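Labels for the chains are A, B, C and D, by order of writing; each one numbers its residues from 1.
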Amino acid sequence: MPAIIYILIPFLPLAGFVLLGLFGKKYFKSASGWIGTLLMLVSFILAVYVAYDYFSATSIFPRNVPVKYTWLVFSENISIDMGVLQDPISMMMIVVVTFISLMVHIYSLGYMKGEERYPTYYSFLSLFTFSMLGLVLASNLFQTYIFWELVGVSSFLLIGYYYDKPSAVAAAKKAFIVTRFADLGFLIGILVIANTSDTLDYNTLIATLTSTGSEQASSAAASTFLGASALTWGTALIFIGGAGKSAMFPLHIWLPDAMEGPTPVSALIHAATMVVAGVYLVARLFPIFSINTPAVLDIVGWVGAISAVFAAIIACTQTDIKRILAYSTMSQIGYMMFALGVAGYGGESGLGYTASMFHLFTHAMFKALLFLGAGVVIHYVHSNDMKDMGGLRKKMPVTHITFLIACLAIAGIPPFAGFFSKEEILLAAYNGNTIIYWIALITSGLTAFYMFRLYFSIFWNKPYQADHHSGHKSEGGWIMLFPLLVLALGAAGSGFIPFGKYINTDGIPLESHFHLQFSILPVALGLAGIFMAMWLYKKQNNRPEKLAASLNGFYKAAYHKFYIDEIYLFVTKKIIFNLIGRPAAWFDKNVVDGLVNLAGNTTTAVSESIKKLQSGRIQQYAIYFLFGAIGLAILFIYIWK
Amino acid sequence: MSDFIILMKSELVVTTIIFLLLFVKIGKGMRNEKLLPLIQVLLLINVLFSFVFNKEGSLFDGMFSTTSLIAFQKSILSLAVYLISLLCSVWLKRSEHLPEFFMLMLSALLGMFFMISSGNLLIFYLSLELSTIPVAAMANFDLQKRASSEGAMKMILSSAFSSGILLFGISLIYGTTGTILFSEIPGQLDGSPIQILAFVFLFTAFAFKLSVVPFHLWTADVYEGAPIATTSFLSVVSKGAVAFIFITALYKVFQPLEETWYLMLVILSIATMVIGNLFALRQKNIKRFLAFSSIAQVGFILVGISAGNEIGISSVVFFILVYVFSNLAAFGVADVISAASGKESIDDYKGLYKTNPFLSWIMTLALFSLAGIPPTAGFFGKLFLISAGAAKANYIYIIIVALNMIVSLYYYLIVVRAIFIDKNEQPIDKIAISKTVKLALIICGAGIILLGLLSWIYEHIQSLTV
Amino acid sequence: MNLLLIILAPLLTALAVLVCRNKEQVKWTALAGSLAQLILAFLLYFAFRHEKESGEPAQMLFQQDYALFKNPNIHFHIGVDGISVAMILLTAFVVIAGVLVSWNIEKMTKEFYFLLILLALGAYGFFISLDLFVLFFFLEISVIPKYLLIGVWGSGKKEYSANKLALMLMGGSALILVGILGLYFSSGGSFNILQLANTNIPGSTQNYIFPLLFAGFGVFTALFPLHTWVPDGHSSAPTAGSMFLAGISMKLGGYGCLRVAAYLLPEGMKEYANIIIVLSAIAILYGAFATMMQKDLKYINAYSSISHVGFSILGIAMLTQTAVTGAVMQMISHGLMTALFFAVIGMIYDRTHTRMVAEMGGLMRMLPFISTVFFIVGLCSLGLPGLSGFVAEMTVFMGSWENTGAFYKIATIAAAMSIVVTAVYILRAIGQTVMGPVKKESFLSLPDAKWNEKLAAIILLAGILAIGVAPGWLNDLLRPETEQFMHKILGVK
Amino acid sequence: MMQPGLYHILFISTALFFIGVYGFLTRKNLVTMLMSIELVLNSVNLNFIAFNKYLWPHKMDGLFFTLFIIAIAAAEAAVAIAIIINLYRSHNSINVENAEELKY
């Protein structure tokens, strides 16, 4: 296949960014949406074509690098080659990214219509898509980092799209800075890896490190720091980067705030694609994680599991629908993470890996659908708050149905997509780590509960009261509903894809098992959650308040997101600003500057104090003269003889 | 006889001019407007003449000697006098006793010529007096001003005091060596205490004329009191001449005491720079300011002298050449302003650039040259001095010297700041500058820029010192 | 190619500016002159590459040597290697941008441009000279322009800042002077860099001279704790002045640290490397934290410059080829970036008449072009890939990490931590100025950038992108030189 | 009777020198100060003559030096007196303490 096709996939969106960014405002203000969408469509078609070509060619899927360009040479060993890496997960990802992006592009044609900065919006979307595609196609750890950062900044731009809203600006900043903090870990991890393995190229990296005999592998294991091998540190630090991007506990605080961005953006970036980059990164380096540093993989598992349950609990108490979805995203990514964490390398033990990628795929579908559906609702009621909603099922039937499908999918009710991927994850956890399995099980019940809490609150509960200031009353036209329908199709049906055949740890196809007896428990828990939600929220009543009151302390803590934000605020404002920043500035103003000024002032003061020397009296001058002469004479006759 | 005429031609020319002026004075006299151009032409001839018919040799049993280096030094001094006559023409024209002023100045110049040519302590002493006493009279030339007479009084009394000490030193040298010939003294020096004492006394006379701390105290008062023409003569010509003979005295006559005078120079140069800088910092009067700045400059000259070799000589000669242009430019501007507006305070210079850009640029160039900032010649001059001094690898000394450059930059910047930056409600009015003054200022400005960049000038000086 | 052209172009421009009659003439002459410099710089780059590709083995190309003085042995000796070529390119970019953004200077236009171009002349001369004395001459030549530019056309406490800057730089020069003289005498009388590089100076002597030279150049490049002229100087200077100061002048110091101190005194460099690493790591973090507390845009950029320049010092002191390459890249990158930063700040200030972050807000609405540029340059500052800062910083990190030993790793990590702090202060600045609600009614009618400002910004952005997107050319230019450096410093042949 | 030797004369001349210096430093009248300088010069003259006579009887440099010193001293005094007279015109005093305006 000609290289240009691979290149075109990310570069078409880039072209869209440049074109719309530079000229959009002046020349095609209203057409910019269509231009962006069209470019995206071509990119999507190419991506599907490439992926199809790859998966259909053979039954064993090699790692190819069809495109390569030496970007920067650091030293003899380490050079940064920009390239395209072709392997099952990257092929799967480009389809997901281009597909969701295309859906969001189409959806935004309706949703963002009439916005003042419409071309800018599309150019940012294109920039994001470009960066995300670059990230997934990266053939080099450093290239991943480059696009990792670009994804971060696109996310910043899109969260801060409503730049005159202080809350949006704050959220954008928070998202960027928190992920940046995590990226510091990623960066140092790269340095460690580069130094120990002499390469950053994924192919060679994995090959040299995982082959037990290689010089690099043994040296990496040998050099230790604080009791852990260099490679352990490297992968752990890289995981910090991944955890930041994927909003894992405790680096998750930016994700709920990121919902300040336009809803389609949340669907694309903060649900389906960017936030799973951390999972993708771990999956990308999975052989190293699992063969060389299993300890780090354990950490990955635990962080994922904790995040999953932690977010689920918070999600049960929130009232902003986008925030609920954000916490649910965090929880679901936790699933993907711990699925990787409990997986092993090769054969059946690699089920977690397959499951994780599978869940990533299905999650992209139903979570994007949820967000877009929520977007329609918000568009309709002009509010994010659950309390302003209710009884909308009659007003917006299409949204209602698609939203329901998505909720069923995420709750893991068969035969929707989420059921299959979640079953695999649970199975992998059951085989790998029992405690994580139980956590996952509880979380799955909670998931069903809070999703249906959301569903019932929006579409049932109290009857909808149209308030005066909401203008047009429609679901937003087919341009917005079309993506919902397509995605609903995906959410309903994508579970039947035989993922294990394509994506596995060691290239040997995994058969998907279906154990009926194993599925009973999770599905039952899911149904229980749904009924619980129904009981509490289907009709307006005071049961939720009672329940909240009975859980008093815990409810309050969960409602305040367990005060994590406050802790961060305390650390940054009180500790970093007051104890480091302010003293540094003070030190500079007073000590460093002061020393220079002191030197100046001393000179002036001395100059002032010795002015009496020049008294104007000639006889005194003569005395100095005489003493000078005699002094010199004494000095040289007696002392320096 | 012909030897006598050729070897002493500079002295003879100056003497001739003095006599010419005397005749003018005795005769019915001329108006200043006519006389001044005539004098300027004569001085120009003197400058031009000093470059030709140079021959090396000595007269009167080595009492008087001249070399091409000495001839060059005399050219520098003549040039400086010529420039002074141009720069101060406004003030000079107004002077009641123009011929006398020039007679005195030229007598002093004559004294300096003899001084740098002298090969004998007697001639040295005589010429030193000849170059000092008329200057004291010149200092008093603003007859009506209290400050002028006070300055002149301080100058004559302290120089008399200094020559008393000098003579006492000479008498001891004579007593211990039995000779006053420069060529014979070195062989008789044995470094006994009495000789060291004599040397120190002799040294103080040079130090006094050069205004080395602590023998400098008269300088500022005299500079401030005297008319600017005198001040610039004192600061440039007289200092230059003494520096030249100082080098001869140290390098040739007191060569056996090199260790002593090297240390002495190190100590005194540091003291001079520091004290000069510290005092210059807080001056308000431009003349007084330049006085202290020139004291600090002397500190640098001493650094060059401390080298004790040909490089030291050439760097000092070159620096003095540069110094002539820089200092005269500064004094010239000060004189133009003082003559036109009577203002001599640095505060009055505020906002000068708005009204007098030409004067401002010349002043700035001069000050930066004094501070040793490129592309001015002062940069090269100072650098050569310092690198000459550094040859003895006394780095602590060189660091102290270099640090002093910072302080000196600070106070030069005070003036620059007043000129360019500070605001002033009533700046000095636009001053009409006469053509001669402008010419002189342009010569100075060109000299400041070109002397360093045209490397053959320094090369030439070096070829003279070998 | 005749290297004299590189200094003749600015010299002639400066003289031409002096004879101009009115402001328009002055401006266009200056622009034409700086354009000529830019073209010459490009010509030099291509000529250099051509020579190198045709296998020219000499370390310095296009050499010319005129004897100036015999004793001291001073030659007007010029020549370039890849590093100098890169620096000259940087200078040309900053100069033309500086000329463009000063288009509206009303006060003493002629003098302003004259001094500006004189400053550029100093930088060009500095980068091409191979004789320490000539190098020092060109380094010092900029003292007058710097002082006057800040003093006359500056703002705020300009007298104080101008004084402090001039005196501190003079202090630096004094140390450099002593160092150069030390080199001269301990090498038996040579100022020639190429000769000195081949002279064996005893290690103990090197240990005396090195700190003098490094600290001296360190003042110029704002090495902690000698940086205190930077915040005041930059903030008081007029826009083009700040651009030149931070974009070019600070690079003179870095270049000097590398070319003179480290290259000629390898033993000294190795002796003091650890101290310098500690100082620069402090500078990076301390500068970043101090920036966080600033409220004035110019102070923000000034302190961030201290932090960023720390990377180039760190790179030099790390003594690996990659790190040194990164150090030079950082100089170039920071030069372009900070010049653009100051240019944009100037544009904003011209319109809003305030530089206080808290008083602005929502500028994106009225000034989309300026705000976008501000945003991009902010991103460059915080090291976003695709822009020059990232490439340079990463190269430094990569190179630093090559050293074995916990000390180096910790220093690198400390330096790397600044990328987070940088993000914090840059985003704070952007968030409060470009974004957020509009705070003043009067701001709503502000006009966006004019052609000259746009052109200036685009020129500098082009440089930033050229390095950020395709750093290969710069890397290829620098690596052979740094390799040679490392051979010399580490003594491997 | 004892012949006065070199040291006797040197003692006198040194004493004279310091008396002159002391006078210069302490007298307030400018003319008196000038006279004190004359004392210093005379002490030098004594030195020269003595050295010439006792140590270097064949070299007449000392003697000539003395003659010149006397002449120069006269010239110096003439100029100094002129300046002092001028000072008196403007200050109406020849007290040194009244001429201390130029300072610091």
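Quick note on the criterion: contacts are C-beta pairs under 8 Å (C-beta built on N, C-alpha and C of every residue); 3 or more make two chains touch, one makes a residue touch a chain.
From a predicted model like this one, the values you see are computed outputs, not experimental measurements.
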| item | value |
| --- | --- |
| Pair joined by the larger number of C-beta contacts - A-C, B-C | A-C |
| Geometric centre: closest chain by C-alpha means | C |
| Separation of mean Cα positions, chain D and chain C [Å, integer] | 65 |
| CA centroid of chain A to CA centroid of chain C, Å | 36 |
| Whole-Å separation of chain centres (CA-atom averages), chain B against chain C | 42 |
| For chain A paired with chain D, centre-to-centre distance based on mean C-alpha positions, whole Å | 97 |
| For chain D, residues contacting two or more additional chains | 21, 24, 33, 99, 101-104 |
| Chain A: positions in contact with at least two other chains | 600, 611, 614, 616, 618, 622, 626 |
| Chain B residues counted as touching two or more neighbouring chains | 153-154, 157, 161, 165, 220-221, 282, 410 |
| Pairs of chains satisfying the touch condition | A-B, A-C, A-D, B-C, B-D |
| Touch list for chain A against partner chain C, complex | 25, 70-75, 78, 142, 145-147, 149-150, 153, 156, 160, 163-166, 169-170, 172-173, 176-177, 180-181, 183-184, 187-188, 191-192, 194-195, 225, 577, 580-582, 584-585, 587-588, 592-593, 595-596, 600 |
| Partner chain D, residues of chain B touching it in the complex | 121-122, 125-126, 129, 133-134, 136-137, 140, 143-147, 149-154, 156-157, 160-161, 163-165, 167-168, 170-172, 174-175, 178-180, 220-221, 224-225, 282 |
| Residues of chain A that touch chain D when the two form their complex | 611-612, 614-619, 622-623, 626 |
| Interface residues, chain A side, partner chain B - complex | 600, 603-604, 606-608, 610-611, 613-614, 616, 618, 620-622, 624-629, 632-633, 636-637, 640 |
| Chain C-touching residues of chain B, taken from the complex the two chains share | 311, 364, 368, 373-375, 379, 383-384, 386-387, 390-391, 393, 395, 398-399, 402-403, 405-406, 409-410, 413, 416-417, 420-422, 455, 458-459, 462 |
